[in-house]
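There are two complexes below, and they share chain A, which is joined by chain B in the first and by chain C in the second.
And now, the complex of A and B:
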């Protein structure tokens, strides 16, 4: 039953899957990790972007191109979302955290219902030349769709890391949750900074949603499976670390893949919650946090 | 190129607590003015009013720059910074999870300061060599003295015309207080800065000052036209030098 090859297979697939998890979590690493916004609707926007990709693919648009087209749309959506959250919750005081969770849960349910009304409850998937094919490396058979996810995840991490460390706006995004008044003293508006960052966090979900529907078929309530995964990755990463997000995604991917191989698929979804709790108990600042 | 800060009849409060009462004060271009007062007398509140972080309930605060008069009680903090005013805040308020260099770069956010960023960074490292040594260290992991240097360096990165310094001596050893004050004096000389410094350490503050004010319970109790004026004032003797007036 157990063999070394099987394990190797699981690890390699887990690494690729982990890159995919990093890609769908990296926006949350900005919104929750850097901005302290309890964005539990993050996976709902992810699934919404998948349906957007599905919708565009019905017109013959490649899923990756569709994801890139959705990115500016989701960016603007993110700007609006933050403005709504700020005006109704954050502006009113320090208990914004708890009430914010309620707000974003509400948004997540609205998105779920909207998707059901528009697309129905059936699973949807997309077609592309790189979906359903595999490449063989040595004895391993690697699905091409996971390779696509791997490349996109690396690019996303690289771009966001550079943007956040090398640009004036990027640095203000990393500073804003630490001390908003001190940021004002630098000459930057903290609200505008947060809004812009939230736009970016939501914008990257455009391409992440395309990856999701490339990797697996989607259904309206799929976001629930990704709440645990995305929050696990972001907390494990150490809030706000982009390279940490990639590494944490890899750890979750490998762990899920090994458990799936050894104990079966029904255990896999529990892994993320177990790891999330373990990290919070043992090392709440995250594995790669400062 | 006239440059002048004028505070006239300013009052401010936190809820029912009066923090400032009818404060009138001015700073002319090129001067170093100290605002002397012990803890809890309103120095920091006045600094926050100047930066628009606290809004006065009465009175005016204006900044005259190049023939234009700006009402600082009406414009946002970001816009006050854009006019060339920089504050080294009380408690330093560094971004503790960012590196020394990232903190300095944030200081250069102001649009007018960006073309001079390489030069300003070199100046900051020249003035505070320890910051160059520790440029990749997280700001929060440095000692109090180093953090104060970083806070001053960060403010200088914005190429300020008016530098406000709030309580630079807090939490520092006497030797470090002396070094910090000396450094502020040097920077002022080198860059032709105008400085308003709030400080409770009288002996140290007057070393670099041209003149000063004494604030007691939120009001200006005495205006000293010169350092000599301050040193010989009976109120100073009573408050700082332990003599009975």
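And now, the complex of A and C:
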């Protein structure tokens, strides 16, 4: 059964998939990693973006373009979400832990049902020239949809990493994560900065959602599977580390892919979570923890 | 006096449940009532860890599902009677709870919650790959004939659930009023300070996790026979986790009556909506109520009651009432 080629195949697919995992997690890496918002509704917004992409693609728009079109919409949505969260929890200073998580779970459920009411419970997928084809490199057969997702995901991660480390606003966002009070003393407004960052974290989901529906068909409750994956990537990366997010995504992708090849699909879901538990138990600050 | 009042109410509750099985003619009452009672147990048990100690367990579905499958295994392997299934499921749950308690050594806040989600998916995956109990496609179960004095199985399950509500609430009430509850509240408010002043935090957390796990898992066992069917996707549904959490928060986590009220309110609403509209609206109501209460009434129904009906001077013990 075991062969080197099979393993190589699994690793290559895993790397492509891992980049995609990094792309869907990078928003969470900002909102949860940098801003400490327990955003369990992040995957729900992701699936919502996928359905937005599906809706636009019905009018003949390419999924990637649709994702780009959705980004500003989700950015504004994110600004609104953070405002609500801030007014409800951070401003009151009341134990945001339990209630914050509960709040976002509530939001996630509302989004799920909204999708069901609008689109029904059936699986949806999109059509594009690069979906369904595959390319052959050496002896490997690679689905083109994964390659497209890989390239877009890599670009997305790079742009966000550069934005956070090179631009003034990006550095402000990292500063607010380190010490909001000090930022206030420097004359910047931490709340506005956080709101902006949360907007970006949600806006990125526009493209990530498009990638999701390119990689696999979506259904309304798909977000539940991605709660584990995204949090796994972010926690493994170390909170708020963008390059760590990419690496953690790759590790997760390769691990899942290898288990899928060697042991079958039914064992694959446990991998991300077993790794998450291991990381939490052994190195809670993650690979590149702050 | 108050202690006697509680036990009288409990006895009246069980008698009423039993009386209903004798006199009611429509079986639907028991199908719906069982679910409400089930959520009362789940919310009460969840609250022992989540409410008193402040550790948010999202693995309610892991405990519940494990309970379901313990019952399935016991029934298939040994043909064990229902009460034995429930007891063994409870013990399995207590062991799992102990393991979860050990997680609290290194994890707090959202990390603990994420770890419990992770645990539930791992357990679900093992069950999916365990062919003996049906794997991913699930397993059909045949109900044995009901034990006397009951003439229908669903009525028997209803009374069993009622008894479990009383047991769970009695234990939650004892925990809340004893040294355990005081210690857990100290853990919730400031774990390091509690540890420094000599509160045995680890023992308390392990105890709370085990008790909570016992009831969460035990309540899963009769669910197998209630549905006469078990499959991993529904036994480990995330809705159980969010419901238990939502019911406790909606009722109020500070007092044992909170989860009870929350479960009664939310589960009855959901039962009504399932019949009258659809089961999707169920989830919508869960989400909306959760958001509304968390935003508008952070201390739940208990908090609302304290704010509007209680005179200011009558609460010397708790500093948690609204200013």
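Things worth noting here:
In this section, the second predicted complex is superposed on the first by the 288 of 290 C-alpha atoms of A that agree within 3 Å, B and C clash if a C-alpha of one lies under 4 Å from a C-alpha of the other, contacts with A are read in each partner's own complex, and residues count from 1 in each chain.
Convention: a residue touches a chain if its C-beta (ideal position, glycine included) is under 8 Å from a C-beta of that chain, and two chains touch if they have at least 3 such contacts.
None of these values were measured; they are calculated from a predicted model.
Placing chain B and chain C on a common chain A by superposition gives a fit, with no clash between them. When both complexes are overlaid on chain A, the residue A:187 reaches chain B alone and has no touch with chain C. In the superposition on chain A, contact is made by A:38 with chain C only, not with chain B. Applying the stated contact rule after C-alpha superposition, one finds that A:88 touches chain C and leaves chain B untouched. Between chain B and chain C, it is C that contacts the larger number of residues in chain A. In the superposed model, A:172 lies in contact with chain B only, and not with chain C.
Shortest separation of chain B and chain C in the overlay equals 15 Å (C-alpha atoms, whole Å).
Common to the chain B and chain C contact sets on chain A is no residue at all. Taken in their complex, chain A has these residues touching chain C: 32, 38, 84, 88, 92, 94-95, 97-99, 101-103, 105-110, 112-113, 116-117, 224, 227-228, 231-232, 235, 266-267, 269-270, 273-274, 276-277, 280-281, 284. On the chain A side of its complex with chain B, the touching residues are 165, 168, 171-172, 174-175, 178-179, 181-189, 290. Every residue of chain C that touches chain A in the complex is listed here, in rising order: 50, 54, 56, 58, 103, 106-107, 109-111, 113-115, 117-119, 121-122, 124-126, 128-129, 136, 238, 242, 245-246, 249, 253, 280-281, 283-284, 286-291, 294-295, 298.
Those residues of chain B whose C-beta lies close enough to touch chain A in the complex are 51, 53, 76-78, 81-82, 86-87, 89, 93-98, 102, 105-111, 114, 138, 154, 158.
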